[in-house]
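The chains carry the letters A, B, C, D and E, assigned in the order they are written, with residues numbered from 1 in each.
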Amino acid sequence: MSRISKNKYDNFKADRSKFPQMENGKAIIDLDSHKFTKLWQGPQHPGVTGNMAVELTISGDEIVQAKTHVGYLHRGFEKLLERRKYIQCFTIVCRICVPEPDTNEYCYSTAVEELAGIEIPEKAKWIRTLNMEMSRLASFLMWLGGQAGSLGMGAIGQWTVGMRDFWLDLFEEMTGGRIYHMYMIPGGVRKDLPEGFIMRAKHLVVETRKLLFDIEKSFFNNAIIKSRLKCLGIITPEMVDEYGIVGPNARASGKEYDVRMNNPYLKYPELDIKMITSMGGDAFTRAEVRYQEIHQTLDLISQILDKIPEKGEIQAKIPNVVNWKIPTGETYVKAESTRGEHGFYVVSDGTKYPRRVYNRGASYTQAISVLEKLAVNTSISDLAGLMVSLHTCPPEIER
Amino acid sequence: MEQILNRLKQKIEIKSVINKRADLYFITIKKEHIELVLSHLKQQENFTHLAFLQAVDYIEDDKFQLTYMLYNYDIKVNLGIKVFIDRDKSEMTSIHKLWPHAWQYQRELKELFGIDFPGSPRVDESFVLEGWEEIPPMRRDFDTLAYSVKTFYQRPGRTTNDPKRYMKEKLYKNFAKSPESGRNDE
Amino acid sequence: MNKKDINNIEKEMKLANEGLSEKERTLFSDARPTPVKPLNKYLEKFLNWARAESLWILAFGTGCGAIELRPLMTSRFDMFRYGIAPRPTPRQASVFVIGGYASIKTIKRIVRSYEQMQGPKFVIALGSCTINGGMYYDSYYTINRIDHYIPVDIYVAGCMPRPEALIAGFNKLKMQIKAGKCDGMNKYAENFDWYKENQKRVIKDWNMPDYNW
Amino acid sequence: MNITTKILYAIISVLVATAYGLTLGGIVRKIYARVHGRYGPPVWQPFIDILQTHGKRVSISHGYMFYLGPVFRLAGGLGTYLFIPVIFGSVVFSNFSMAGDLLLVMYFIFFGQLGMALGAGEGGHPYSPIGISRGLAQMSTFEVPFALSVIALAIQYNTLNITTIVAAQQGSILNWTLFTNPLAVVAAMISLLGMNMHSPFSIVLAPQEIPIGPPIEMNSSFLATLQTNRGLFGAAKLVLFMNLYFGGAAHPNIFIALAIMVVKTFLIYMFSVFVGAAFPRFRPEQSMRFFLKWPTIIGIASIILVAYF
Amino acid sequence: MSLKDIISPFNVWKRAAQKPWTIKDPLNDRPGADNYRGFHKNDFDKCVGCGTCEDICQNAAIDLVPVQTVETDMSDSGLRPKIDYGRCCWCALCVDVCPTGSLTMSNDYTWVTDDPEEYRFIPGADKMKWDDCEKGYKRAENFQLIDFDRIKMNELGVEERSSSFIEMVKGYSKEQAIEEAERCLECGICVARCPAHMDIPEYIKAIREDDIELAVQILYKTNPFSASCGRICTHHCEDVCSLAHNGEPIAIRWLKRYILDQVSPEEISKILKDIIQTNNKKIAIIGAGPGGLSAAYYLRLLGYEIEIFESNEKGGGMLRYGIPEYRLPYDQLDKDIDYIVSLGVKINYNTKISEEAKFNEIYNSHDALFISPGLWNSIPVNITGEELPNVISGIDLLNKVTNKEEIDLGSKVAVIGGGNSAMDAARTAKRLGADVEIYYRRRIEDMPADVEEIEEAQDENVKFFPQTTPLEIKKDGSGLKFIWGNNKMIYEEGKRPKPVLIKGETFETNLDTFIIAIGQNADLSFLPTEIRDNIETKWGKVVVNELGQTSVEKVFSGGDASNSKADAVSAIADGHKAAVGIDRYLNK
């Protein structure tokens, strides 16, 4: 793992004595002076992650100010959830994060179960764990493609998204859905694993490993990738606390925070899992941490496939969902998504409808506060790469 | 955790403590104490991670509940701090000095709930909404379906039937048309 | 017809470009769009074939639909072999794929991007959300039916439609183009006022030119 | 030979070259696709694309210069091509080769870019000036090793006429510049990477950050013109490289000669494809630094080698 | 920048030599997964149009619309879901929640069109290309979103109950009742099926919200005999309950009972707050059975003065004299009757109208009449030996038990018949200490009695001899000797299977008492001839119009005497209808 020396940090900081001039900690940007240009990246822009926009003020090739604009995907989820019965909500929460819907399903279902005092059966827990890890894998593969694509290396993206599609096939078999699985439902899961699923999954784990080694050779051992990602967007350990950074972004800066190990849930305590951290905090370290986490996830999937019980109930007994009332209370359930701590805060008031469902998207601060800070002084060429390296997911920011 | 709460209790009054899970606590405190409590928790007790700051609308009590969710990396416990503020003059102290990213939550709350945080950076800029003219949409008195029907006109031509009423209409219409019952309903 | 009438007509043909400041108004066209007649029959048929076989889609992931565009353009489904390719700028694109729900903030950009596209241009709407609001029918921030704001040629059912369904959508679009049925551009020009009125009803913050061809 | 025949031949030659260039583009797309693990578009897809863009009913313009941009670009491509003898010894494909045409060709390579810069700048979109500045800067840098390599050739063969250079390489494969002056070839081939604008030097047209760069506002026929030029210019570049470094295409039978040309140019092109598929793109300043470092040194070394040994 | 880092990336070219991953023909090569959630299918034979899918759909994508090919009947609303694919999100909640399991999904997923209006269709009615698609999403066996299992009610053990007349079921506790009420899907199909059209979903909802007062008010809107009905109703509503198709129906009857169990008679009047305004019109009612009393109740509420003539010494009719106490304790019946009487209804007990003059007097002095004499004449079996003393009718037995008369049945008793009264007679005989056998012409599953009654009788050790016909009864000492013939069933399309005697196959049994319970007749002899001649009858029942009016304008009729269902709730419904009819007739 690369460890950036203190000196290198200092070198990275650009000389800002000339422009823009600072006043009370704020940059004076006079557009009419023609020293600066306003530039919008997004929302219609192939380089931004999803549908969001970054308003840049640039001077030459250097970004002097960045402002994130979100809301292009705002659907008012939290308002809609207030109008829906507890069981109806589960279909809609997965839409909050498109590449990785299962974390939402898990968090929401668990929160409801916790409020209603339901304990789900063992087998359902195993299946959920498997589902969560598979969704992490799918999301990571997509991210890997995105990271390579943002730097102009299309091949990696083509491979990983293709491989992700094979995993989606497995999802389809398991859940009946391709993108939106709507599988983990308050009370358990909707269907048992189909026949032969475990064999196929094991086979695919091997295939994915093979692909990953190819990727390691061509992506992580690539001179140009290294030259572009190293020293890009360094997150210092202090920033992690200040900005509420979680997930691989925080772990790449040495913060030992992984919900699966810090506050274990589902079957994670029974699995052999080690925290992956690194120092350095730049984009390349983050990529490496994620790469190791993909391997970790594959490892976990193999473990789960070995341990999953063959028979068992998949659903706890729940009352008729049409008239399901949840006792008053509130809870916060979190899980580790690919982007970090993903949580649901559910408040119930004893009726059929939730009082409030709040979703803490893992990339909420990472895409706005952190990106705005890190983008300054980088080249516009690097913005796309930086944005992907923070792994932002706009739909979970604006919800 | 007990000790932490005890130490906190020496400083201020805690209205209620709920132990939801081994790793999840909720406490309710007074509005005035929020800055004191948060800085104490952050600096002395190592609750360094602000997971979120959100509001719940209790319209029938005329209150907003603000929840600050903190996390302690050492003891691995989430602590939710609940504060109730008035719904009419909804205003709260900004905590962006403790956590720089808090401005983001505060800006969102200002826009979606109409809770003001004086002094918070960019709090008046629009966050997700653009050109919004109604009351803040996350308030419970805002009816989203009515607004949607009014603004986005749905595709016409849909009708539905209630089986109960429809069968009445079809099967025992005559009896149904008679007075619902002989009883006076006053 | 006297001169006064002609002046009036000219005035009517011009757009107000509401929302723009005086200074900015001069930067944008204020001429109303006009329908363009197809060329000579055989030539048009030939061009329609070319248009159908080379569909350039605008890389604007407006909703969840964007997620299925990714597999579509990568190794598993490989849309390139059908002559479909993404294009980063609206000026060069000919197909607009509306990927599901459109929030008000996005519909503003959709309208603008659509107008920036050069005709003939085609729109494929994905998923329930574009047809009748889908699962966000009661949301205060997403529109219910996209055909009120821009003309749509093909709808694909699903939530999300799978890449295969999308390919089927493209195939249908190709057939329609070859049959000369996809005339969204002229439809937009002919019903320009109606579209503008609908757009302005939902986009409250109208700070863009009315016409941005 | 009268001028009419000459022009007729030139037209045939241009058409063949354009068609070849576009087909080559289609083939390369297919090759990239195989690397990606897919089949890729049909080989003739570029032709349909051109038809489609030409077939647009409306087209927005941003002023006179905007019209001139693509025209200049095409003129650049034509100019480059028309002064390169494609097939050594062929009448039809000799174009307007003359003494000193190498200089002219190098000028035209630059000319197209400059004209494009003027036209695209008129578009008013902030991304086009950014793309242009990058493009021009990058171009200036990859021209350095190329120019050095050409100078080395000029010294080596004592001429600035391409036909003469090709003639000097006939006879044996060992007469090719590739073997007689390998350093110059290395420098030139590296600058070809930049010229072809594949990764890692594709930052000018990078869709991920400055969507498509200079031609961002180009539409309809403007774009079609640019695409046509891409075919022609691409072929011209490859033919030039073939002539200068790989012995040109020479055979009494015109078809065999054409086949030789096809094979050689394809292989030359494959070089940049080979590199392009394996690498992401450089940042602009990185690519500039790159060109000014090793290729330039190699280029100078080649000159020294030729001049003094 | 190491050399390795420059050379290693060329590894990407390895892939170029491998076979591409691309699916050659994605449109045909790739059907959805076996349980893919594709487009909807609906099996019209199973669907009952309950509308649960509409309720659960969070997108409001489903409408219930009438379909031409489906008739509305008592168990089928005739409506079918119409799905708007401009709303659907393919979550399959509707499939999971469908109580009949008619709604499923195919694994087809491609539907492309240029006309968005097409995306609204009725699965099952509109022909779709995926209708024959076998694969697709179906609800898993071990997964359910609605509760198919009824909450068990505590009941007495078999030993305990077969030896006494104590009520055998205990009733729901509050928790049980709410839990049971939560199972309700509020589809409302039961309302049509209930003869009284009680608003079942509403009172179940009231139970769920623990609002007993509201529940009582809803009950009394259509049924003043809820305490009794909550115990002995034939609950046809439960047969059509949408949950009954794949599980146990809601215990509607028990829930009704639960409501009335929660309130004392005094509380009922407090809750109902019935105010009577008299309108000086007088109505006579003959027979204080459920029909007569409910007519009295509703007419009284409309302000009429009511006079009831009852031949027995207590009211309730068949409820009291035809149903054994272990099923309906008398105090519960009294609770219902007392409330009606408390509203100022006058009942003349022990007043049998046997002379014409008496009837004519009543006929002339009242504005309208309602007759519900009930069915008191037992239908004979028509075999030799029927007149022997040890042959009695079921109704007589029950009557005697109610009147606490001494009965000696002997040790071995046979009951003939398969209806509820046969079961009642058999189980009563059992409680009187006899060994009981039930003989019936058809099979057990053809018996008209409630399944629970049959099961309970079997639990209580009553032996069943189906497919038997009595041929002859002989006297054999103090007991009887029987000759039975065996039957075989003959099936005809669309008809009930018909029993046909097998020639030569007979057997004999010895019995002490033989109870005939194959049906009863009305005794209309109290009517004066001119009226009796004018009143149209059919199969021995008085023919009435929809509102209970007979062919004699002033005379309304109801109860077992006029309807063919012959159960309490139909009688109550008749009473209610007639009340409405009389009110209309008098205010014409």
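Throughout what follows, contacts are C-beta pairs under 8 Å (C-beta built on N, C-alpha and C of every residue); 3 or more make two chains touch, one makes a residue touch a chain.
Computed from a predicted structure; not experimentally measured.
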{"item": "Contact-linked chain groups that survive once chain D is dropped from view", "value": "one piece"}
{"item": "Labels of chains that are neighbours to chain B and to chain C", "value": "A, E"}
{"item": "Selected interface, A-C versus D-E, where C-beta contact pairs are more numerous", "value": "A-C"}
{"item": "Closest chain to global C-alpha mean, per-chain Cα centroids", "value": "A"}
{"item": "Furthest chain, CA centroid comparison against chain E", "value": "D"}
{"item": "Chain centre separation in whole Å, for chain E relative to chain C (CA means)", "value": "59"}
{"item": "Inter-centroid spacing, chain D versus chain B (mean Cα positions, whole Å)", "value": "62"}
{"item": "For chain C paired with chain D, centre-to-centre distance based on mean C-alpha positions, whole Å", "value": "36"}
{"item": "Chain centre separation (chain A, chain B; CA means) in Å", "value": "24"}
{"item": "Chain A: positions in contact with at least two other chains", "value": "45-46, 71, 74, 76, 79-80, 83, 91-92, 155, 158-159, 162, 180, 218, 222-223, 227"}
{"item": "Interface hub residues of chain C, defined as touching at least two other chains", "value": "59, 74-78, 81, 88, 105, 131-133, 135, 137-142, 145, 159, 162"}
{"item": "Where chain B touches two or more other chains, by residue", "value": "128-130, 137, 142, 144-145, 155"}
{"item": "Chains grouped in pairs wherever the two touch, ordered by label", "value": "A-B, A-C, A-D, A-E, B-C, B-E, C-D, C-E, D-E"}
{"item": "Contact footprint of chain A on chain C as seen in their complex", "value": "58-64, 66-68, 70-71, 74-77, 86, 88, 90, 101, 103, 105-106, 109, 113, 135-136, 138-142, 159-160, 162"}
{"item": "Residue numbers on chain D that touch chain E, as the complex places them", "value": "31, 33-39, 274, 277-279"}
{"item": "In the complex with chain C, residue positions of chain E that touch it", "value": "20-23, 26-27, 30, 32, 39, 58-61, 84-90, 109-116, 119"}
{"item": "Chain A-facing residues of chain E, complex", "value": "1-2, 4-6, 8-12, 14-15, 21, 32-37, 52, 55-56, 58, 89-93, 96-97, 137, 140, 142-147, 179, 182-186, 208"}
{"item": "Residues on chain E engaged by chain D in the complex (per definition of touch)", "value": "9-13, 15-16, 18, 20-22"}
